[in-house]
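What follows is a short report on a single structure.
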Amino acid sequence: MVPLNHYLILSAVLFSIGAVGVFTRRNALIIYMCIELMLNAVNLTFIAFSKFLNNMDGHIFTFMVMTVAAAEAAVGLAIIISMFRNKETVNVDEINLMKG
Amino acid sequence: MMLLLAAGTAAGILVATTLIGPKKEFADKMEPFECGEHPIVSPKLRFSVKFYLVAIFFVIFDIEAVFLYPWAVIFKDLGIFGFVEMMIFIIILAIGLIYVWRRGALEWQ
Amino acid sequence: MFYIIGGVAVLSALIMVTNKKPVSAAMSLIVVMFCLAGIYVILDAHLIAALQIIVYAGAIMVLFLFVIMLLNIQEKEGRVAKHKIFFQFTWILATGYVFINMVKLIGAGDLPARMEGNIDGFGTTRVVAEILFTDFLLPFEIASILLLAAIVGAVILAKAKIE
Amino acid sequence: MEILIPTIKLATIYPEIIITTFAILVLLLQVFPTVIGKDYLGYTSLAGVILAAIITGQGGASGEGGEAIYSFSNMWVVDNYSRFFKLIFLLGTGLTILISIKYTKDEGINNGEYYSLLLFATAGMMLMAGGTDLIVIFLGLELMSISLYVLAGYVRKRLISNESALKYFLLGSFATGFLLYGIALLYGATGTTSLKGISGFISEASFGSPILIMGMLLLLIGFGFKIAAVPFHMWTPDVYEGAPSPITAFMSAGPKAAAFAAFLRVFIEALPSLQGIWVDIIWVLAALTMTIGNVIALVQDNVKRMLAYSSIAHAGYVLVAFVSTDKLGVASILYYMLAYTFMNIGAFAIVIIIGGKGEEKINLKDYTGLAYRYPLTAAAMCLFLLSLTGIPPTAGFMGKLYIFSAAIKSGYVGLATIAVLNSVISVYYYMKIILAMYMKEPESSVQHSPLVFTPAMIIALGLAVYGVLRMGIFPSAYISMAQQSYLSF
């Protein structure tokens, strides 16, 4: 049986990859993909704990996290679309009219 | 064990072809194939937003369906309480559907 | 078995972050999703594994590919201005370092007492359903309102003309 | 096997049900051509807010005894604490609706979805305030944030509105990622997600295992993003400036209070025994937030951006009260939040009036000589700014006094002095506006279009002015209400 720690390490690594990705990438879409990756890493932590704590709350929480991620994806991509409609770029660098 | 073997051979062959196979990448060869003529329009054509809107509705109502799966499993034991609970869920999302439909987001022409 | 899948997941996550073309980044994210579904099966979370594939790999990634296609993004990652590279490089180091020892910390932590006994049918839908529709009634209804708000929001922002 | 059906006390969530039904009602009215014209949608949503406020005010299920009533398998509570916060949210939303009725007509975004999303955001906030389980708090937070992402980017043709929505979305969901990871680790360490369960587990178990501390830190980061404490405040100025003004007013009052409500409840109810750790962190956060918020505000000339930084500074002041986790501290936070809602939304109302169509006139120079042309508006703006600084007769002064006394009583004299110093700094940049209004002559070069006052706007301003003065001059009623509403569990 693989001890719990390994699952936690895997999810922490995925989470860190996602977080680093959010800071280094400039394409808004890929930034959101990295955030989606982070949410998946959190789901993995929930399921790992739920298995080792032997109670089912973890599954319910993952259920809810998935619906939230889907709703957020729908809204977020709609924002990116409306952004693209005005200005033909998705790069976060070029989107800084309001520096100050 | 069998799985490893199968995966191994498949990967092996793949790697072999990429390594050994002749690779000449000159412009014509890399263009998307259009029966010999040079492609006129770039294949990545832009398509309008309504395709995207339908994708969103698919995602949202897919989640609704996902909530129905566990409900169907224990429908009998829940009795009236479970039924009312799910009806509230369905009605709220039906309102979403009515809104979208009346708002004209579903037109296709 | 877990180590293989875990390794593939980490690898494809790395590919996704460092990848130039958005489409292949989305593809590698889908690979990550499938690996995670595999891990959930190892953890006997069958319902969640099936869900992960249906919801994440199925719906959300389709949305991503749609948007990538829609926006027809060709431009490559432009070369970053000089000082920006330095700034980003230190940034990567900083967050990488913070998270690595986070990983160590989490890995080392002692674990709460493991409650004995295994609920029969640990990950099956029936057990999940029982809890979901009885104890967790309030989150269930809030989820429906959340989806309604998401639909309204998406329509307003994405629809071509709003009178 | 039979499944036990939990007893549901529906009465406990009447206010939320009302707000949601009104949101849906406004949505359907927008879509179906009905007798109510399009421009009355604002008033229907206002009716919903008032009705919900009455129900919350009169105690709903918890009766006058004020003791907490748990329901929904103890995930939901109706106690004085949550009722007080709900009144603050409803007040904020009501004022925002009043302000935005004229604004939405000018900007051409006068469709029902605007109001229904506003009501969805309020429902999300109320869920955050009343939830005693991490799941309910998380879902409420998400419902609120999603509605706000869309509202921030509502004026589609204006590029900065889009840009602020994108920034708010990216950083908001990034913060949610951290918050979730914190919740996951807390769940792992203690086995439950209910706040009571967590505190029970920690008190008897050995002192925090590394997972618990890590989870708490991540939770702190997630909430830090939401209340725009300094290390995580980068998104605030851009989003506040880009979003339409009524939404900025709403964002600076409602969601900030909701984030504080959940932040307070989680840290005081669930993690009391880890106090040693998080009190010092919050001490640092408070000091940083106040100083940086005030200092940057000094250099701003765009009034909206200045108010954004001042709202960061005010988050710092509330963190000062957070440090003293005793009864007085919590009561002072409640009081300050109510005062803050009044004065902040009032100030933004004036910014909207002067901003005019398309919101181009929001720089300092547009306020020059306002007193000569519109003495009443200038006086109201002056009152709000004085209250934001904390000058005696206003609610802001009482709020700050209350917070500083709570901080000093629990021994954080150092922090209180920093806070007082910051108030002095803030005097300067608020005075800049007042001076511009009163001292400088209106330059003829800048053409001033006549300011339009709609009845709704006048009611909003009147309410805000009344609130600021009422809480400033005879605050006893509100203080006792706040005192009674400390976390009674």
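By letter and in written order, the chains are A, B, C and D; residue numbering begins at 1 in each of them.
Keep in mind that, in the parts below, contacts are C-beta pairs under 8 Å (C-beta built on N, C-alpha and C of every residue); 3 or more make two chains touch, one makes a residue touch a chain.
Treat the numbers as computed from the prediction; the structure is a model and nothing was measured.
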item	value
Between B-C and A-C, the pair with more C-beta contacts	A-C
Intercentroid distance (Cα basis), subunit C paired with subunit A, Å	5
Whole-Å gap separating subunit B and subunit C, where each centre is the average of the chain's CA atoms	16
Separation of subunit B from subunit D, taking each centre as the mean of its C-alpha atoms, in whole Å	39
Interchain centroid distance [CA atoms averaged], subunit C/subunit D, Å	30
Per-residue overlap in subunit A, given as positions that touch at least 2 other chains	8, 15, 18-19, 48, 53, 55, 57, 60, 64, 66-68, 70-75, 77-82, 85
Multi-chain contact sites of subunit C, meaning residues that touch two or more partners	47, 51, 55, 59-60, 63, 67, 70, 102, 106, 108-109, 111-112, 115, 128, 130, 132, 134, 136-137, 139, 143, 145-158
Multi-partner residues of subunit D (at least 2 other chains)	3, 5, 24, 27, 135, 139, 142, 146, 149-150, 153, 156, 165, 185, 188, 191
Pairwise touch network: line, ring, star, complete, or other	complete
Contacting residues of subunit A [partner subunit B, same complex]	66-67, 70-71, 73-74, 77-78, 81, 85
Subunit C-facing residues of subunit D, complex	3-6, 8, 13, 20, 24, 27, 72-73, 75-76, 111, 113, 116-117, 120, 123, 127, 135-136, 139-140, 142-143, 146-147, 149-150, 153-154, 156, 165, 185, 188-191, 205, 209-211, 214
Touching residues on subunit C, where the partner in the complex is subunit A	2-3, 6, 9-10, 13-14, 16-17, 19, 22, 25-26, 29, 32-33, 36, 39-40, 42-45, 47-48, 51-52, 55-56, 59-60, 63-64, 67-68, 70-71, 73, 75, 77-78, 88, 91-92, 95-96, 99-100, 102-103, 106-109, 111-112, 114-119, 122-123, 127-128, 131-132, 136, 139, 143, 146-147, 149-151, 153-154, 156-158
Of all residues in subunit B, those that touch subunit D in their complex	74, 77-79, 81, 92, 95, 98-99, 102-103
For the subunit A and subunit D complex, residues of the former touching the latter	8, 15, 18-19, 22, 28, 31-32, 35, 38-39, 41-42, 45-46, 48-49, 53, 55, 57-58, 60-61, 64-65, 68, 71-72, 75-76, 78-80, 82-83, 85-87, 92, 95-98, 100
